[in-house]
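Chain naming follows the written order as A, B, C and D, and within any one chain the residues start at number 1.
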């Protein structure tokens, strides 16, 4: 009997913490979202120089407050699930744990470290997406990217080989060629091949920081070629992801039902009669509704 | 009787000011467009240094001239509409009001302030688009973006979480790692986490100012990774907006014939039988061919 | 009789100069292409500093040589067409004329001027595209861009209004806000509104020179927002041009013939029998061949 | 008899080295991939400054080790193929050869040269793609780019003509116009037309290094125009490559059934009669459903 009561209590906690269908569950998710954003904001602002001691103490207190809250939440999650170990070793279980751990280590290791680890708690925002019914959207996006994954691997391989070869080429060209305008030897910014590959990535993706630039005429020429290749290459993955989305959209529009009389396919989702022979279609939906 | 005459006068004013079907209405819109562009031009040029006193006086006079014109226009709009309050609190009513207000406050607050507020009068250009029959185009663009809004929210969430985590990571990496080439400690440009997040946004979107750049080898490595992720990510929203447009175009392609028996619409172009009632469709094309 | 002979001579010249179907016409176009590229190359290299007097004399001689060649070509074009005035005032007629004029004016006005006007001769390359059968490709590209022109106008209007408003906003923000890190007043790079609008264009299109960058925290924040808006905006025109191309491709694939027996449409271009009723289609091509 | 034995041995070697279907062949490819990446990594790291003599010796030893390995591999490839000359003059045969040659020349010519030639060995990675079944993906990508090649040539021609004309224009504008803000003569960064064309390419493709920037008001204006043109142009090739991919996907969708009477292929999925001979198609789906 008491066992059953505890189960009911655990069931209710589970619905609030893990689901977003009830009003309590929605409020829980909204509060959690706000808490995550505020705590990440506090960690960020803490690193800005020129804060007074008072401001630092406040931010420190906020960080500790949220950490204790997240710890309580983590314990409640462990209590409410049927198999705590399954949760603890799931992706979100690990994210939840490393959201709180770094703060407890700060007294030992110094106040500013682990900022990266703390920022991982932002990954928990994805879990809250179910709140605003964006799960299906995320899944559709993920599916399109996933079904284009082989092409993306091929594409990235082409990009990486291109940047390595052209980076190496630029390293040699800039060392050998004399500078374009002055005729005097200049100090090249292409100091090593890894540096030149970094330049090639920055250039080919059109980021173009300008911290490393070619200074010789042959270097500028090769650079212009690489830029034009990069400019042309970006259109390829865009094209195939577009095609994936067009395909997904079309699949979502036509039903996969077959006319039982003439075997015609490709009917619109809300069609009630076969567009080929005019006989009634027995829609899955109407069957399900009966 | 006089009441009726006033109504007719108001009606005529309304047609000129709010519509673009008559010749007078078209001329009004063209003059308004020119006036808006000239006044915004005057506000902009006023801020250029090295103007003579004479030039400044001229620009000032132009600004006052247009402000008085826009004020008269605002009053006429208020007079010509049936429900002045509805107009006054509509989007364009507020834009019209804040187009003229700042100039009247300049004698009090100094001559150059409120330039932003004044530039809001550019928003009135959208209203004039009906003049050149671009309203349907704008609506189609807006509809495609609107129907992809959930995916855009998911996409921006992914981008923001990625830039926050990688910005925080770079903040730590650049502080810890020793500089790549010299071995000497250098002054990092990643002074705080908000600064690093700003860098991550500038980098991931391929803007790449170059005011903040990684100076250490691990920093450059993480930076290159982030750039490649950003380069791959841009293709995702492009893909789904493309798919939306392809879809809208196809929707414009489905026949606009109506079933003569049940008035159902939205049949595929090659449908031979109504998808709602199963009776044969009399296609416009075959009727035309007979 | 002599009249007729002259006509035949003119006809032959016309075929060589204006068309690319004969062997002579193809050779003429190839020589012209090489001549155009070499002459533009000579004009470009002439401006490089550090050339010896000898090299400059050589480049000058090359330029004069090509100019005389192009002048002869222009005269021959005038002679070979039936209506010389129509040609002289056509687009390519004017381009051909301004390809040669600037060189004749150099002794009067100084050696380096008119370089832009000379570079217009590159536009003649488009005429040579018929040589390598790229005319239909160019037309298809032009048609897709043309059918999306209204949307491009709307899009550019949105971009221009956005950059004006955000440029003006940055001008004010950077003047008012104190610098982020030092607390000392700094010299803003946003010296005037036109300068700020230039920055906004450079930023929003992801060019990001880095010659003008925000130096205050609020400026960086607004800047990051503008970047994300620009990053999202680029996907819109890409999407609708993609949709136009998908549409053009589909139109090119299905013939617009109708089955004379059952009025079915949407047959593949090389279909010989109706895919609905199995009766033979009377293809336009076979009718034309009869 | 001995001849036959040797043939069997050669056959087995061929299957291991050139194919990836057997377990031995897969292991060979994985080892080769790792060896290629390690050797290119060694060549890259060798150029980093600040290495100790010991580290340089190690890297040198690694390079020699891999070169000897690749040489053995090259000889085995020559031995295992039926026609060694065909292999030796094929694309991969040449790549395999120039992967090993530069190292043997280093004692003669100095240790750091030929780094570019060595990096060509990365091209061998493409051969290993068959290992992870990415060959069909690469072929599909290549086919889409290939079928859009004419449009890409037209597009690149437009881009090159645009950058040449606008580069030349900027060269003249920046020389003539007085600087925007100070009124003093400044040193222009547009020192020659080739330099200005380089700037135009960097700008139009949105790379935007910032090493060369316009400093005069007219220069900034022309620059902003060029940027907006570049921003609009990138959408064109993206659009047509997208359309190619959508098309390829659809082609993959057309039914692969063959007419049982005339063996014609390429019917639409909903075709009921053969588009070549007009006889009824027996659809696989309906046969499967019976």
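Just so it is clear, a contact is a pair of C-beta atoms (placed from the backbone, for glycine too) under 8 Å apart; a residue touches a chain by one contact, two chains touch by 3 or more.
A quick map from chain label to UniProt name: A, B, C, D = Cyclic nucleotide-gated potassium channel.
Fair warning: this is a prediction, and the values are worked out from it, not measured in the lab.
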In contact with subunit C and subunit D alike are the chains A, B
Comparing which residue numbers subunit A and subunit B contribute to their contact, where sharing over half means same and under half means different, the two sides are different
By C-beta contact count, B-D versus A-D, the higher one is A-D
When each of B-D, B-C or A-C is compared with C-D, the one sharing over half of the residue-numbered contact pairs turns out to be B-C
Distance between the CA centroids of subunit A and subunit D (whole Å) is 27
Between subunit B and subunit D, the Cα-mean centres are separated in Å by 38
Multi-chain contacts in subunit A, i.e. residues touching at least two other chains, fall at 49, 181, 191-192, 194, 197, 206-210, 234, 238, 242, 244, 246, 276
Residue set of subunit D touching subunit B in the complex reads 49-50, 181, 183, 206-210, 238, 242, 246
In the complex, the residues of subunit C that touch subunit D are 40, 43-49, 113, 115-116, 118-120, 122-123, 125-126, 129, 134, 137-138, 140-141, 144-145, 152, 156, 159, 191-192, 194-195, 197-198, 201-202, 205-211, 234, 237-238, 241-242, 244-246, 248-249, 267-268, 270-280
Listed in rising order, the residues of subunit A that touch subunit D in the complex are 150-151, 153-155, 157, 161, 164-165, 168-169, 171-172, 180-181, 191-194, 197, 203, 206-210, 213, 217, 220-221, 223-224, 227-228, 230-232, 234-236, 238-240, 242-244, 246-247, 258, 263-266, 276
